[in-house]
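A single structure is presented below for examination.
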Amino acid sequence: MAAVLETKALHKNFGGLTATNNVTFALPAGARHALIGPNGAGKTTFVNLLSGVLTPTSGTVYLDGTDVTRWPAHRRADAGLARTFQINQLFADFTPLETIVLAISQAKGLATRFLRPVGTDAGVVSAAADLLQRLTLADVMHARVGSLPYGKQRLLEIAIAIASEPKVLLLDEPAAGVPESEREQILDVVAALPGEMALVLIEHDMDLVFRFAKSLTVLVNGGVLVEGSPGEIVNDPRVRQVYLGELHVEGFSQPHAGGALG
Amino acid sequence: MLLRRQFLGVCAGVALSFGLSGLALAEDTVKIGLILPMTGPSASTGREIEAAIKLYMQQNGDKVAGKKIEVITRDDTGQADITKRLAQELVVNEKVAVIAGFGLTPLALAAGPIATQAKVPAVIMAAGTSMIVEQSPFFVRTSFTLPQNTTPMAEWAAKNGIKKVVTLVSDYGPGIDAEKAFKEKFTADGGQVLDSLRAPLRNPEFAPFLQKAKDLKPDALFLFVPSGQGASLMKQVAERQFKEAGIQVIGTGDVLDDEQLNAMGDVVLGMITSMDYSAAHDSPENKKYVAEFEKANPGMRPNFMSVGGYDGIALIYKALEKTGGDTTGTKLIEAMKGMAWTSPRGPISIDPDTRDIVQNVYIRKAEKVNGQIYNVEFATVPNVKDPLHGKK
Amino acid sequence: MTSLAAGARVATADPGAHLVAKARWRWPEFLLWLFAIALIWLAPSRYLLFNEIAILALLALSIDLVLGFSGIVTLGQGAFYGLGAYTAGLMAKHGIGTFPWSDPLLGLLGAGLVAGFVGFLSSFLVLRGSDLTRLMVTLGVALIVQELGNKLDWITGGADGLQGVMPAPLLGLFDFDIFGRTAYLYSLSVLFVLFLLARALVNSPSGLSLRAIKGNVIRARAIGIPVERRLVVIYTIGAAYAGIAGALLAQTTQFVSLDVLSFEKSADALLIVVFGGVGTLYGALVGSIAFKAMYDVLASATPEYWSFWLGLALVLLVLFARGGIIGLLTALRDRLDRARSARA
Amino acid sequence: MLTILFDGIAYGLLLFILAVGLSITLGLMNFINLAHGAFAMAGGYITVIMVHRFGISFFWSLPAAFIITAVLGAFLERTLYVQLYDKSHLDQVLFSLGLIFMSVAAVDYFMGANQQIVNLPPSLDGRLQFFGASIGYYRLFVIILCSLLTIGLQLVLTKTRFGSRLRASVDDQRVARGLGIDVSRIFALTFAMGSGLAGLGGALGAPFFNIDPTFPLKFMIYFLIVIAVGGTTTITGPFFSALLLGVADVAGKYYVPAIGGFIIYTIMVAVLIFRPQGLFGRVTGR
């Protein structure tokens, strides 16, 4: 089937060292894909190359079949590629409602309007309100984002990304740093994302990965080590080898993940 | 609602601070609006003039023709638009009979339209560009014009075996006036101006210009910079060793401003300048003036700016006497035209046609007089009118 | 977290209304403008000062648009102010009598266009690099324009200033009188109109996207906002505003001097915005009133050392009251609100 | 024209000594201190007072200017500046502008608004002839002194422990902190040194451009240009840019007086367009 997001021989060097090494990768529509690898495997660099925060040293990125390698981030976003960040990137002085209204207006090409105040477009506002409702942010929609608890901010981070109803969504460790109590909420949100939206999940947390991903890519030293279904991956000796060190550190503690390995 | 009260408070405060100044003025007082640079680079001008006016008023009392004279001083901060506003407010709110002062040409020019519209005489006590007085029929000048002071210098140079000259002036109205006047007279008298250099008004480095002048190997270097910059210029002149290279340094008296002359040090000795006033001018009037000025303002030496102010207020006094206290602008101006008297700088008069000052210009040499440096006058060109008026 | 609770309550009602409410006019705003108009009768002897304030406020407003709503630190707004002043001045001077050219409103337009155009060009320099680079570029451009103003003296009158600026009567009806009545009314109305536009702009979606850029560029890009383009637009608008302020000055004082291009002008205006409160629009207005009032009081006391008090105020402001006057007022209001809701 | 070249170099070196402190502190703490010129002015006035009020030799006034301004700098850094490192650039700009205004007014109050004149000791008057060029002894003195200072500075930065720590901190503060370097102490020292050098520069410069209260404003732009062109990551950058500017400025005014004023600004803007990180600065991750 046609890939919504695709890369060919993607390379990125910082000075001497290679952060992304000849990565060729294709993401079919509606995919549930996970990108894993030990620390410093170049996961975040790869995501930044996809979203346009960085431009590759060589290689190409295709979005819906068109070459977007030289496109700036905002153009890719308009073309339907959204992302969340490992570290929250929010507008601290906005309210969640303002944030989402802006995101939607931008997606609908209404953000260049002036003279009429924000909020006069009923369609946009109600859409925003619904989205916040879905992400259990309705009760704080008028609070200052900077004053929200971390878990709520993390949800908002996702909300902004999906507000534009993107074709592809890159989730960079969505649950990172979220207290256990609020973690489930986020996982549910991720699970409930519309099926036609292609997802790429960058995660350390194997539990989350195996709960969610239909296919995986393992990155090591910036290059693809192996791709395949969760089953194949956990039984792949190379992966085990690479992860052995990691396993104890990250402690594949979750029982069923352990089971999956065993 | 505290905020409302607060806000109203602010408004009230603002309204107050803007004040409804200039209320009813008593019939028998004549107000004079003095607009001077009291701050910024030309602050010394303002201070000299203010001091001179204070001196005149304590010498001659504050009553003329039965009217009490009240001087209102305002700081123009050396900015033209501020000057314009101050002039306007003095006329409209304070109902002044005369505005005076104006340290720099653009400031005077800014106030011109006001004087014309309101028919209020404006006495220029410092600004020296020739064309100012032509901008309004209510301008009168008691300072000097640069062409007036420059032409005699050119004449003297031509007479005293100087054939080739390089001119270096500040790049603004007065400087260009001086440059033009010198070139015109000097070439007319058979001399040759090798090059005319203009240094930016705010310029920390004269070196390149001076070096260029020196490399052209003239007989003399003619200088003009506004008073205040003279010191730094002369130091760099000395550093370039024009004297040693056999180049005579000449200029207008602005460069060797009496106020700073001593501080400039021996490097200035021997420089020839032309000016309408020197603190060393040898006359009883001036001896008295200098003595009392220095007594009233310790550590300050009266310079050409101060006499501009001194004679300016004198002119206003005399005009009021003549009109018998009538403060109608047109009458005052008429009274001022042709007025003639002996000032500390010598005999002066107001040209009835141009309303510009007619005065002697003296050629002076910087010399040490009992330990102090003075511009000692050694030649006089009597009754010089501004040469540019009536031209162009 | 009372505000949260309140938020929730409204939210369930109608979130849109809650957003629109932010753009609603509040009574202090009316009060301020009424006060400005009332001054015509309150203090007829100070029109000239008020006129200066209105013009200064417009210049400050132009800086607030650039600085407060898109975070560009500029030290060079004076360049556009001066360009506007000279454009309008020259139009009024050389078009004396002839209707179209010396017409004040047309002068405003011309000034706005010229300044805006130069602003548009220089905006591409401003986009590059860090705050420091922006600081330098804005300053550098201003200095070059100033040097030009000085050198092109056959056009600008150089250091002597531009003489004989005689704008035609306003709307062909009102002459610029010596008391400055026309001048003040004129400047005030222009300020008001442009202020309304600015107010609408910052409350609109585009305004929101600008604030977003100031708030977090990475995220702004990630949701598809073309950051560079937006900055170019707002910088150009700011320049045009400054140009119109300059035009007002030239027409109402009927004179242009090199001072309009001086660094001090840019600095003063920047300070005014900060005094008033950055990113509030009203900061520009309140700031310029406070600034001139302060000047009237302090400078008349000790003209020489006015800049000392100015500097001191600035240092204290940075250290203790970043929000400026508006910031203090709103803080006060919030405290009151909290007190009230606590009582409730 | 050799003389012009010499004048230009003298001017450039002076600019470097004046600006280098600003460049280092900017590179180190990313702190925009527009008030740097105020320290230079302080140095200048110290010289004026010592030489003319108390008749102390010009030569002694130089180290005095350095030490006093350095102490002053250290004091202000500890008391005021330290509170602004975490603040926005806008705040830093406004704050230092405030300091400028205060210093200008204060100096006006104590010393008066008119230009102060420093007369050189006779041993530095006069000129030296060679190869048809004639150089003022004083300019020669400035050139030699500034060159020595520059070399000394370079040695301090490259050879001493302090220098290496400083460079480490400039390169990457977090790493430096990680290595247990007390960055804030390093910075205080650097700031003091920078202010001191500015003061010395002011003292050296006083005889050329006689100083007045507006000095910090007049020269702010020159400093900024030196840094904009030279970048803030090294001291060689500002060094060459200062030389370049000095020569370009002087030569420009000599050969094409008409446009002399534009040259430096044009250089600056051009550099900022094509190399925002400065002509000699290297591209840094930050």
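Couple of notes before you dig in:
By written order: A, B, C and D. Residues from 1 in each chain.
In this section, a residue touches a chain if its C-beta (ideal position, glycine included) is under 8 Å from a C-beta of that chain, and two chains touch if they have at least 3 such contacts.
Source: prediction; values computed, not measured.
Chains that touch both subunit A and subunit B: C.
A centroid comparison over C-alpha atoms places A as the chain most distant from subunit D.
Taking the mean of all protein C-alpha atoms as the reference point, the chain centroid lying nearest to it belongs to C. Averaged Cα coordinates give subunit B a centre that lies 37 Å from the centre of subunit C. Between the Cα centres of subunit A and subunit C there is a gap of 42 Å.
Taking each chain's centre as the average of its CA atoms, subunit C and subunit D sit 34 Å apart.
Counting partner chains per residue, subunit A shows two or more touched chains at no residue at all.
The set of subunit C residues touching two or more other chains comprises 150, 304, 306. Annotation for subunit B: residues touching 2 or more other chains are 39, 43, 200.
Against subunit C, in their complex, subunit A makes its touches with residues 51-53, 72-75, 77-78, 82-83, 85, 89-95, 97-98, 101-103, 105-107, 110-120, 122, 125-126, 128-129, 138-143, 160-161, 163-164. The touching residues of subunit C, when paired with subunit B in their complex, are 27-28, 31, 35, 39, 42-43, 45-46, 48-50, 52, 150, 158-161, 163, 178-180, 249, 253-255, 257-260, 289, 293, 296-297, 299, 303-304, 306, 329, 332-333, 336. Across the complex, subunit C is touched by residues 26, 32, 80, 83-84, 87, 89-91, 93-95, 97-106, 108-109, 113, 217, 221, 224-225, 228, 258-259, 261-262, 265-266, 268-269, 272-273, 276-277 of subunit D. Across the complex, subunit D is touched by residues 67, 73, 75, 125, 128-133, 135-137, 139-141, 143-144, 147, 150-151, 263-264, 267, 270-271, 274, 278, 304-315, 317-319, 322 of subunit C. Residues 39-41, 43-44, 197-200, 202, 204-205, 207-209, 211-212, 215, 228-229, 231-232, 235-236, 238-241, 244, 259-260, 263-265 of subunit B are the ones that touch subunit D when the two sit in their complex.
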